[in-house]
Amino acid sequence: MAKNNKNQVSKEKFLKLYEKMVLIRNFELKAEEKFLNSEIPGFIHLYIGEEAIATGIIENLKEDDFITSTHRGHGHMLAKGADPNKMMAELYGKKDGYCKGKGGSMHIMNFDLGVLGANGEVAGGLPIAAGAGLAIKKITKTDQVVVAFFGDGASNRGAFHEALNWASIYNLPILFVVEYNNYASTISSKNSTSVENISERAAGYNIEGITIDGNDVLEVYNEANKLIKKIRNGSGPILLECKTYRLKGHFVGDPEDYRDKKEVEKRWDEEPINRFENYLFDNDILDNDKKEKIWNNYENIIKEAVKFAENCDYPKPEEALEDLFADDSGYDYK
Amino acid sequence: MAKNNKNQVSKEKFLKLYEKMVLIRNFELKAEEKFLNSEIPGFIHLYIGEEAIATGIIENLKEDDFITSTHRGHGHMLAKGADPNKMMAELYGKKDGYCKGKGGSMHIMNFDLGVLGANGEVAGGLPIAAGAGLAIKKITKTDQVVVAFFGDGASNRGAFHEALNWASIYNLPILFVVEYNNYASTISSKNSTSVENISERAAGYNIEGITIDGNDVLEVYNEANKLIKKIRNGSGPILLECKTYRLKGHFVGDPEDYRDKKEVEKRWDEEPINRFENYLFDNDILDNDKKEKIWNNYENIIKEAVKFAENCDYPKPEEALEDLFADDSGYDYK
Amino acid sequence: MSEVEMTISDAICRAMEEEMEKDPTIFTYGEDIAEQGGIFGQYKGLIGKFDDRVIDTPISEEVIFGSAVGAALAGARPVVEFHFADFLFTGMTAIANQIMKIRYMSGGQRDLPIILRGPDGRSLSAAAQHSQSVETIFMHIPGIKVVVPATPRDTYGLYKYALTQNDPVIFFEHKQLYGQKGMVPEDEYKIPFGEADIKRKGNDITIVTTSRMLHESLKAAEELKEDGISVEVIDLRTLVPWDKETVIASVKKTGRLLVVHETWKRAGWGAEVTSYIQENAFDYLDGPIRRVGAYNVPNSFTPEQENFIMPDKTNVIKEASKFLI
Amino acid sequence: MSEVEMTISDAICRAMEEEMEKDPTIFTYGEDIAEQGGIFGQYKGLIGKFDDRVIDTPISEEVIFGSAVGAALAGARPVVEFHFADFLFTGMTAIANQIMKIRYMSGGQRDLPIILRGPDGRSLSAAAQHSQSVETIFMHIPGIKVVVPATPRDTYGLYKYALTQNDPVIFFEHKQLYGQKGMVPEDEYKIPFGEADIKRKGNDITIVTTSRMLHESLKAAEELKEDGISVEVIDLRTLVPWDKETVIASVKKTGRLLVVHETWKRAGWGAEVTSYIQENAFDYLDGPIRRVGAYNVPNSFTPEQENFIMPDKTNVIKEASKFLI
């Protein structure tokens, strides 16, 4: 666990961070179960093992700050305050889901929460973040901050490069967060990415680049706290790399032939929730009783979410012809 | 002028470098004249002031080495050994031009010379270079080297990023050459590019990055000599930045409202041909007599090229329907 | 209503300036915009007028286009210039996978008032990578409104409409038309999307066209008149949505339809108009619907080959004459 | 000739393996290729067989696609996987502005034996960014041959042909067909581009289709037979070039044409087939040519909306029945 600045963080905050992670974990475990049980259609990408990143960072954001997310977006969305019921309903493709069932897991988004979209395209969120930043800087002139989450694989896409250069020259309030989980689908980042640390790329845009332990929620929280304050005060963009590990397959159902089971097993030891738990136990902030209560609570919340989703209606088939345009007069759907 | 390694270079080589630059300069001046006189259609981008780069680098290449060029490609092509007659004919849109008049200035290319294309798309040559490098490495296994020329403006395109990462991870034999001429069309690179030196981006791909004076043909020649040898020996890609200045408008006819005439005038003092001339005079390699002979010779070569182009026929209009495919059976042109 | 003469370029700048005065959330950016007013100087009228709201960008097409989504969601109204229609491909995914899909994928949570605009079409020897007309692609993929204006009057009115409506729009401004002059009313007005304009009345043949080919079609109609053939010329003005009623009404009258565009003939938007009309007005047709478009090759650099590939009034006349054999 | 049963996936791998054995310049690369044999495991048959000639790449679509030009010019025969047809847009410029234009712009100096291939079309709830069929765009822009196979037999023969011809080709392999089984001759053979295959003979209605919709059309034909309607089903197999003669011959017989594809109806390739046929066989038509395609919206995630948007045999039957009212 991060050694410094611990006392920056109050006990309540500790528990809040812990609970957020437990919420995400429970959501993901249930989603996995329901997907494997063929109750959730499409494909889903789990955030298990990476919870500390969304949790630690987003805890520092205000309600009207923006984030852009990825195909692995449940954690970001929940951390930004999403209602698990509407999230689960969306995964089920139901009409009370956040996107009325049109988006599903890969496109879950809610603009009222400042979530400018999970994105089925790798690095698809980076230009969007760059645009939100530009509008804040040039037009709305608020003190809003944008956090752009993306993967180590995404950092090899041209959009990464263009967005970082763009944010730098206009001095935009954007925190770029790489979730370095060692893989892009079946490809090890060692083989596809020319640098060990994505933060080494920051110098190419004349911005600060930092690598931290993304499985240490306190380190993430503290570092983000500092950086987001800086950005809000006009520092311009910063690249924060959070090292983590994708404990599950790329998507649920991934045969995972490309990696050794042992490699994965070993990484479970560094899993962020358990690590933080140990710390909380050591510091008498958490005990077994409390822990049980917390887990029971979130298990129940997620059970409720599943119930909500199950009971919710599907949207009507012909409602597929809604939501494309604000004004569809004259438009030929057929 | 570069202080070291001068004596690496023989007097003959000195004159060869000088003559190449004089050839390019004369070609460009004549092209400008003929364009302004409406004899050349379309638009053309001149290499005036940047001759030392193509000259110094390509002098180190073998005939079967590859280069990719840009919209500002006359200099690269001539340095790689192109026939000024066929080049001028192409600029005129004539049938004995390198591309039978289909390409024009912006798409001048010749695969037999290893020129994989001028390119009307900024950074369009970078993926092509990356592919030539990959084929050399994985399939043909020759000792060929690829040089990818591109502009400072191009270094902000996603393709730059993807190509450099690609070349690095596969350890490809590619020299990436940025021609930093301070502008991308009307936009000063100071405003559009987050780093002062593009070479600072090399670290982001774990490759060597070097910045040199691109108006000093000896420095360019010597540095490229070293780097290309290294690459041929398997070093993997290197990023070489050549600082220069675009002495003419972005294209012939550019109103140039975006920059001060005085800024341009001052830069004429550092113009590469004159600089090298002074050096050659100082070292008794060139005198007025020889100089006059050389210039007369190239003026004549270019006059011949114009005559060749003028006397050459246009391709037939209906030949517009040729050259798309190797086999066009069944293809509907209309 | 009193009118003034202006170019299409002027019309664009006038509409932009008026709306930018009214709506402080409108801003515009792209390559070579702030210093030069566009690569052809076409937006020069805006230089120096709106400080931070007219912005030069680096050469970064995916972010230039994709940023529009973020800017719109953050409360602005971005007007994004694409420099050359050919380089829409350079940032294509930001348009086809983001701008054109986000509203739908989100279940209609927010509107996306985004304008993409810039030059398309042939000029003179700009060759294969600087001459393309790609409007059909944006008609095929759902998610954006497509505007292809041909006159200063229409351009002004369509811009005024675009700048106050709330959906993604792409404007294709033909390179060879920026200097096109015409009379424009002095009072402000808007032209809604989906309303074709009959630019010339006639009884024998209906021509449906847009943009530069409108002018070629009008010239052709003038020449055909000398042979006693009366041509009705309909300017669709927008392709998404497009005005089917006006075309059908005309075809009912003439029985003959010729669709004319500059883009490649094969699978060009003329094929959609053709298919729709033959399906919905088959019994009124005297014979097959005909199409004029570019040959299915990239554009060539050399002038006579370019003229061969790209259609003009002679192609229109030639194709129209086939109705009468 | 003896035959063996195999899937489309098997057919691809068999063709690739045979030709890679013969031609050491063929190599293949893309995302998730070397370790997993494609995101659906569809090229698993090649894993571990050709060392350096089956290569995983980073997520860098513009370079993945654009590299094909350089690789071909340097003497190789690249077979480049695009992962999802939707992400063709991500590197679109490398295809539309480079691969499809270089040969032409160079005046035909060299051939470019490039294959782009990968999955397209709907699957089950893959939503708007993973379900697109974009073949029409490559039919519209000139410069690449377009293959849309529907059976293992055709896929094998078309691949064999593609791997030995010398032009850029794009293969759209439908996600839902990789597992499709069929008999394939044991002896090697090639199927040239531009030759349609009549998959079912009939006299009353001609259906022209490709890919997944071939199978839906065959099912529809079977059901229509019960109503006494005899449907001829033509599988175009390639869209560039496409076999006009076979379609015209069939229309001369049936007088009724229905074009069926999965991609969006508006300005889809069905419009080109429709336009061409009505122009060249107008007098043989009993009535308008009809089209079946997806509704003009992005794909929705939720299953019943996806089924509503995407056409299947019921849409084919419904549209075909209109001929008989």
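Which chain is which? They are A, B, C and D, in the order written, and residues in each are numbered from 1.
Keep this in mind: contacts are C-beta pairs under 8 Å (C-beta built on N, C-alpha and C of every residue); 3 or more make two chains touch, one makes a residue touch a chain.
Quick caveat: nothing in here was measured; it's all calculated off a predicted structure.
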Taking mean CA positions as centres, which chain lies farthest from chain B? A
Chain pair, B-D or A-D, that carries the greater number of C-beta contacts: B-D
Please work out the Cα centroid separation of chain B and chain D, and write it as a whole number of Å. 40
Centroid of chain A to centroid of chain D, CA atoms only: how many Å? 36
Measuring centre to centre with CA averages, how many angstrom lie between chain C and chain D? 30
How many angstrom lie between the centres of chain A and chain B, each centre taken as the mean Cα position? 45
Residues of chain D that touch two or more other chains sit at 57-58, 60-62, 86-87, 90, 93, 97, 104-105, 127-129, 142-143, 266, 296-298, 300-301
Check: chain B positions touching at least 2 other chains come out as 99, 101-103, 107, 119-121, 124, 156-159, 162, 165, 169, 191-193, 324, 331-332
For the chain D and chain C complex, residues of the former touching the latter: 61, 86-87, 89-90, 92-93, 95-97, 100-101, 104-105, 127-129, 132, 134, 136-137, 139-143, 263-264, 266-272, 274-275, 278-280, 282, 287-291, 296-298, 300-301
Okay, in this complex, where on chain B does chain A touch? 156-162, 164-165, 168-169, 191-196, 200-201, 203-207
Hey, which residues of chain C end up touching chain B in the complex? 31-32, 35-36, 39, 41, 56-62, 86-87, 90, 124-130, 265-266, 295-298, 300-309
In the complex, go through chain D and note every residue touching chain B. 24-25, 27, 29, 52-53, 55, 57-58, 60-63, 65-76, 78, 93-94, 97-98, 102-111, 142-143, 145, 165-167, 193-194, 240-244
Across the complex, what residues on chain A touch chain D? 41-43, 93-94, 99, 101-104, 106-107, 119-124, 153-154, 156-158, 184-187, 191-193, 255, 257-258, 314-315, 317-321, 324, 331-334
